[in-house]
Amino acid sequence: MSVFTIEAGLAFLGLVLLLVEAFKPDICRRTLGLMAIAGTALALVLFVFAKHDTASLPGFMQPWHQLDTLALFYKGFALVITILVLWLTLECAPYLTRFTVDGKLAEMFSLPLIVCAGMMWMASARDLVTVFVSLELVTVSFYVLVAFARKSAFSLEAGVKYLILGALSTGVLVYGIAWIYGATGTMSFDGIAKALANPATNKTAALFGAAILLCGLGFKVAAAPFHMWVPDVYQGAPTPVTAFLSVGSKAAGFVVLTRALDAFLVENSIIGTEIQSLLLVAGSLTALLGSLPAMFQTSVKRLLAYSSISHAGYLLLALACRESPRFDLSSGGVVAFYLATYLPMTVLGFLGLGLMRANGLGEDIKDFAGLAKRNPLLALLMTVSFASLAGLPLTAGFLGKLFVFLGLADHGYWGALSCAIIAAATGFYYYFKTVLAMFTTEGTDAPALKLSSATRAVAGLLAVAILVLGVYPKPLQKLLKPASATMAARN
Amino acid sequence: MPSLLFYLLALITLGFGFMVVTGRNPVTCALSLAASFVGLAALFLSLDAYFIATIQILVYAGAVMVLFLFIIMLLDIKAEEGKKLNLPAIVSGVLLAVLLTLQIFAVVSGTGLAGKSPENTPLALTEAAGKIGKAALPTITNDLKAGTLPDAKLIGFTLFDQYGFHLQVVGLLLLVGTIGVVVLSKRERSAP
Amino acid sequence: MPASIILLLPFFSALVILLGHRQLKGAAVLISVGSSIIAFLASLVFLATDDDNKLLLPFIDVAHFHAGIDVLIDKQSRGMMFIVSFIGMLVHIFSLGYMKDDEAKPRFFGALSLFMFSMTGIVLAGNLIMMFIFWELVGLSSYLLIGHWYQKASAAEACKKAFLTNRIGDFGFMIGILLLLGANAGNVNLLDLKTAFESGPLRPEAPGYSAGFTTVAALCIFLGAVGKSAQFPLHVWLPDAMEGPTPVSALIHAATMVAAGVYMLVRVSFLVAASPLAAEIIAGIGCITALMAALMATQQNDIKRVLAYSTLSQLGYMVMAVGAVAMAAKHGHGPEAPDPGHPAMFHLYTHAFFKAMLFLGSGAVIYACHHEQDIWKMGGLRKHMPVTFYTFAIGTAALMGFPWLTSGFYSKEAVLDAAFNSGWRVLFIGGAVTAALTAFYMTRLLIVAFMGKPRTDSAHHAQEAPMVMILPLTILAIFSIFSAWDGFANSLQALKPSHINAPGEGHTVLIASLIALIAGAGGAIFLYRGKDKDPVSIKLFANKFYFDEIYAVIVRVCQDRVAWIVTALERVFVDGIIARLPSAIVARLGAATRMLQGGHLQGYTFLLGGGVIAVIYLVVFVLPRMGN
Amino acid sequence: MSVLEIIIALPLLAALAIWLGAPAHATSLGATLLNLLIVLVTTVQYAGKAATGLAFTYSRPILDNPSLSFAVGADGVSLILALLTTLVMLAAIWQIQDRPAIFYVSSLLIGGGALGAFLTTDVFFIYAFHELALIPTFLMIALHGRAEPAQRKAVAWKATIYLGAGSLVLLAGLAWVVLEFSGGSKLTFDLEALRNQAKLTPLADAKQAQIFFVLLLGFGSLVSLFPFHSWAAPAYATAPTPVAMLHSGVLKKFGLYGLIRIALPLLPQGPHVEWVQNALLLMLLGNILVMGLVTIHAHRLDDTLANSSVMHMGYIFLGIAAGSDIALKGAVVLMFAHGISIALLFGLCGRMRNQLGTLEYNKLGGLATHAPAFTVLFAFGAFASIGLPGLTNFAGEVMIFVGSFTDFKAGVMSNLQWTVILALWGVVMSAVYMLRAYRNIFHGSPTTGLFMIDPAFSQRVPFIMLATTLLVTGCCPWLLLNLMKSAL
Amino acid sequence: MITLGHYLVVSGMLFALGLAGVIARRNIIIVYMCLEMMLSAANLALVGFSRFHLVHGLPDYTAQSLVFFTITVAAAEVAVGLAIIVALFRSKQSVDVESVTKLQG
């Protein structure tokens, strides 16, 4: 079975679920959700055992699809996050349905499948056309998902903001693609890399195109100064969608960014130094602009949004550090590693948020007061999640940051390193503000919070993943190792 | 192509574009946009992109604009007359537009690409017929040999020969769009 | 073997009492007294042992730095050991009576044992680190004993004052040790140091010799002695230390601990000898202390305080002797080289007996008068407490240096002789005047307290002290008379200078001291006989030259005020600049960046567009020109 | 499997067990007691081995490149600190009375983290375990601190931000170290490998100085090196008793341990380059003199103790600045000594606060009369921190001073030696404030202050244990020194 | 002579014009129109480049394929976008950008 079959099947499953809902409107949403989860899980299993070489793809796909380790990793990543988002949707369903039309959630189960397929295609893209179409598939789906709970003013506002800004970024992206194409005469990453390594290529046009293209992609990954949509949209969107955006969409954006940068920063690239400097500046700025305003947030959801911005900053900085000879992970590998660690901690955070909402509580820090008393387990798990987000050692988050910082130090990017350190230091403040709230004893008259065993299992699994990745990252590193090797070969 | 015609078309495109940006009545804006797109389509024609020009008119000036107008009518949106203009936004918008234009000027004048014109880079249709080789359909080579540019055929060939996957993705995207529209604009069946 | 018994027995006694004083109750007293008696017997055996320098216990042993508990057994330490253990034993016995009714007897005896341990350590110390260790420990035991009646605010303040003043001295002592240690490659063994100074790398002829260094080192070490032996200007603690129980005053603050400074100086006399300037300063300080304390003593009314100032004065004598001997050696007037005798040590030895006796006597008086210490509230005790009176009189005579009969005479002659030979006539004059003053205030004390009629009821009803208290008094009285005799002194290894009986320079010293004695005693008899209140009132002396007041001001200004200012500065600047300023900046930045998220779509689109333009500007127009 | 792994794991497992519902007091006490025994046996074994390097090593590889492994190993220094940790842990846990389980859990976590930091030999884990121990510290100060909620939160935040920022600077320094000393082929976090590389190809002095300075700032702010100290005093004064004991006694030693263990072997010339040395000397003088005066100014016992704890760090830094073998060993001894004595004092201080409700000097007095055992125990702590011979602190201090004078040329004083002289004045100051505290609290008439009696014997045991340790190692510092036979 | 540069400048100006509209206008529908204008401007640049990047003497049709996709995607985006705008209008009775400022800070 080829990977493409799985991807297509996933999209198809999305359509089937829509049809099921259409023809059997009274179907229990839990059934629908579980079907989606089961389907995705099946896809994941099949994906693991599928053939992982390009030759196994259908012929018409072969020129457009690459199945290197990075692509495979991100495909798996997309499947995992989709499963988790679907689960999160089920958890959040009790309150989400209050804001959806007729209390229906069917599209919340089917669209993620299509998004997942889109993200998997993005991961394999070898040219800008593929990037564009799959990116748009994802983006348009997200327009719908963000505004899905449209009876909530927040969700709708987030939808409008995401729509306008997203469309603007699409325009910028296409304009950038046009100029890159104009400068290099090709839209495939390999071709672009080849052209950029050729000194005869027009440098100004290439720089101009690359700059605009990176602006467009920067929007997707929330790089400063294109991050301004993130807090509003993340806060307004339904929590599962926020999780999906902050993990899935961002990861997909970073995959594409990795691919594009692999081309732009190819050896002897005529625009290499400029783009690298841009990345350093943007990365530092992003880390800071994510961290500094986060200190004043009262809503945990918005806080997580800002945190996600600053994480994007670290990821950009990781991308700016190209070859690290003394590292088994290339920049792409570090990014992948970071994202892999970022997944469980962010999802766990959002899961906690969703559970709070589902139990009739708010999303503000003050609503977290006394959580440790009401549900010690949840408080513990959330603490793990936030500790990891803050980058505390022995959690997954620390290793990711460590690799980034090591890379920066290895290349001597001290300015960027100091910005990252300041951002991380600020991070301690706002993450622990929330943790502290959970453990305060004041205002604990609220009733105990009950979790189903399945929820506990999923949340526990995520926490364990954070801790295991934090102390035993070897398997993950191994998984990502060939990725760096192939890229090193290509570079 | 005569310069005059180009400038005329550019004027139409940009002028109507300007009216979109400045028009106070949404309907005026929509119609100006349609006009601007027609000008744009003509520019596409001048670039030998007949198929693109056609779908620009069909899809944009046709379908999309109709959709816009339809929504404007449906919502009965009043002109912004009564509303105060957001002066800082206007100033900053103009400022950014000017800056961006200047940058593009600088970039365009700074690149060697700018020198290419239809005159110095003419299409070589008959040679192309030979170079494309057997991969292409006979009807394309025949047209090329005859000295006409089989634009639609070539695009179609490229799309269906190379970009089959992308077409399917775009198809899926349109489907998602449809679903989205339904989800987002459906009226609530049962009042809560 | 005796050395370790003498050293460790009191330690274990103290430890046992610390651990189990609740359970032991009365037994604690017996343990302590028993250990002191055994230690005394051991010290007798010890007198017959050979010279030795050996490691008893390890302490710190790193790289080339070896600081163990190693004992240096020679004539000096054997003699000193005898004094310490002997008087210690007597004081223990005396305390049995004196502290009979005290609730915290175990604590008292425990601390006494601790003191015995520490003092023994000082005596036996073979190196300066060990000396310092026990130096501090005597400070602790002194602190505990002065503060025995800690409920009394004055006692609590006094013990604190004693410890802190000693700390200042120890500050110098430690610096001195470190300097010597650094200069002598980590070796501060007394014998090795001596060799180093006399023939080793620190001798004056050695390359790189620095006279300044030697002087500084000597003075730093001397500062330790200044603290412990209560020399000017660190003398202020000793009079206050009389807040402690009287046996403590006798043992620690008269006979032994305060003499440790002198003992230590004698131990490092090679160092003093190596620096003439230091010797002069030491002699000068000693002379000033002797004179000043004697002047203060003339106006004190508290029986113990008179004795305390007398102690100060006598300690000044000894210190002066240390300096004077070193100065004399430079002039070629020193003793013959092999003569280990030292006037300071000799005076220390005799003084220990008669001063301990005087204190114990005063203790008996205080005990008899129901803890009344004002001599003007006594009077006529001669009849009620004859034994006490006679012993006290003997002690007084010894202290005044009653010629040919008392031990004090010989040792004082030795000191004055050294002063006379030092080359500084002023030392000798100071010493002589002090002698006169000593005669004066001691006679005054004797007359006011014991003669005449009882002035209060408590004096009237005073009774002779019990046997356990009388016995030590008597023994000490005997020693006060005979201890300077050759047979006695030599067998006790008292370091009696060999030329003591042949004062030089045509008996000038002898005549001067006789005149001083007659003038002092006569003046006192003339002034105080039959008086019921003090006919002389010199505020300056009575108020101890206002030292306490001056120091209080210094402490308030230099320490408390500065501490206040520093604290304020620390809050404002350090905390402000290091902590609050950055966090304020970050907070301000955070607030500013938050403004970007105004929630207005137009603002966002502007930012996005502006961002694109900025990125283009940066990438296309700036970075390529930077040529990086 | 190494015995050290058991030592590290035991408290952490106990904490987990309590969180999951095991009886808090019994579990934690049992685990700590067992741990103390294991550490003692291990230490004795090590001393008996006459081995000098690392012992009980075991390594579990985690990453190949960068080379990272969970590696444990102990030498004398780490064993001394492990001993300190287990002792203080036992005392801290033992003295908890009528408190929620989180007190036990946090104590176990802080202790376990400290043990991890002291007994692992991989830079990564050394750093990681320390951070692990910091979190419960913050939480406990913020949640159960002895102040109004707003104030204790502010205090906790200050500490958090300070230590967080310090940790990040430290992280940067460690990253720098790892990058510089990893050799050409791959990065390694293994301390031994880094050390070997440092021996093989030492850096230029100037560069060593730079890296050392970064590490000094990082480690230093964890140890409240002046002027990065202002978190410490309020944090200790506010922290719940076991946390104050464990943090000031144990965890704070981490920074010093790091300097001795990581910075000095890798950058032997670092502290001796003139500008670094002068900076360090100035900073530590700030600790000793400025903080000494600040301590003198304190009006409450907790303030006095907290500030004194900051002040005493100056001496340990002095040992590090001196850098000679004697001074470094002295620094280790002093770390141990200070840990025990300050834990003892904070423990007693906490008990006093519980019983009396206030620690203002002007409201106290004469406690010695009715609480003699308590007084004696306090005296042990107080005199230890004054530096009285016979208690461990003295041995450490004197070794540091002596170690600073090892290369003394008669007549020429180096900056270091002048600093020692000034630092000696600090010894006088510490006597001033400690005796002032002692005088105000214990001396005087019992009627002048609040009433308090001795705690029950079982509650005295932890403090007796600490006092005994002070006495035994104070009289026989060679017990500790025997564990550090080879030069540091 | 009309060169590629002319087309690029026209495309750039159209793009800038669209951007100005997006920033300056308050009516979301018009904002959306301006966005379409920007997309079209990008298309013009693409077509221009494709015309002058000859492959075998013919315009590069891969770029024109992208234009095709862009137009399609734009259409879908417009559909979804207008649906959202309709939903917004239904809930707020306004399509002014200032009606969506609740989320901020």
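For reference, chains read A, B, C, D and E in written order, and residue numbers begin at 1 within each chain.
Quick note on the criterion: a contact is a pair of C-beta atoms (placed from the backbone, for glycine too) under 8 Å apart; a residue touches a chain by one contact, two chains touch by 3 or more.
Quick caveat, the model's predicted, so the values are computed rather than measured.
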item	value
Shared chain contacts [subunit A and subunit E, defined touch]	B, C
Far-end chain from subunit D, centres as C-alpha averages	B
Chain occupying the most central position, where position means C-alpha average	D
Centroid comparison with subunit A (C-alpha atoms), farthest chain	C
A-D against B-E, pair bridged by the larger set of C-beta contacts	B-E
Mean-CA-position distance for subunit E and subunit B (Å)	8
Centroid spacing, where centroids are CA-atom means, of subunit A and subunit B in whole angstrom	32
Gap in Å, rounded to a whole number, between the CA centres of subunit E and subunit C	95
Inter-chain centre distance, subunit C versus subunit D - centres from mean C-alpha coordinates, in Å	35
Touching two or more other chains - residues of subunit B	86, 89, 92-93, 96, 100, 107, 113, 162-163, 166, 170, 173, 176-177, 180, 184
Residue numbers of subunit E (touch at least two other chains)	8, 15, 18-19, 22-24, 26, 28, 31-32, 43, 48-50, 62, 65, 69, 73, 76-77, 80, 84-85, 87, 97-98, 100-105
Subunit C residues counted as touching two or more neighbouring chains	594, 597, 599, 601-602, 605-606, 609-610, 612, 616, 620
Inter-chain touch pairs (all)	A-B, A-C, A-D, A-E, B-C, B-E, C-D, C-E
Parts of subunit B lying in touch with subunit C, wherever the complex brings them together	86, 89, 92-93, 96, 99-100, 103, 106-107
Residue numbers on subunit C that touch subunit E, as the complex places them	594, 597-602, 605-606, 609
Complex interface listing, subunit C residues touching subunit B	602, 606, 609-610, 612-613, 616-617, 620-621
Interfacial residue positions of subunit A with respect to subunit B in the complex	11, 15, 18, 60-61, 63-64, 101-103, 107, 110-111, 114, 117-118, 121, 129-130, 133-134, 136-137, 140-141, 143-144, 147-148, 150, 159, 182-183, 202, 204-205, 208
Of subunit C, residues touching subunit A in the complex	586-587, 589-591, 593-594, 596-597, 599, 601, 603-605, 607-612, 614-616, 618-620, 623-624, 628
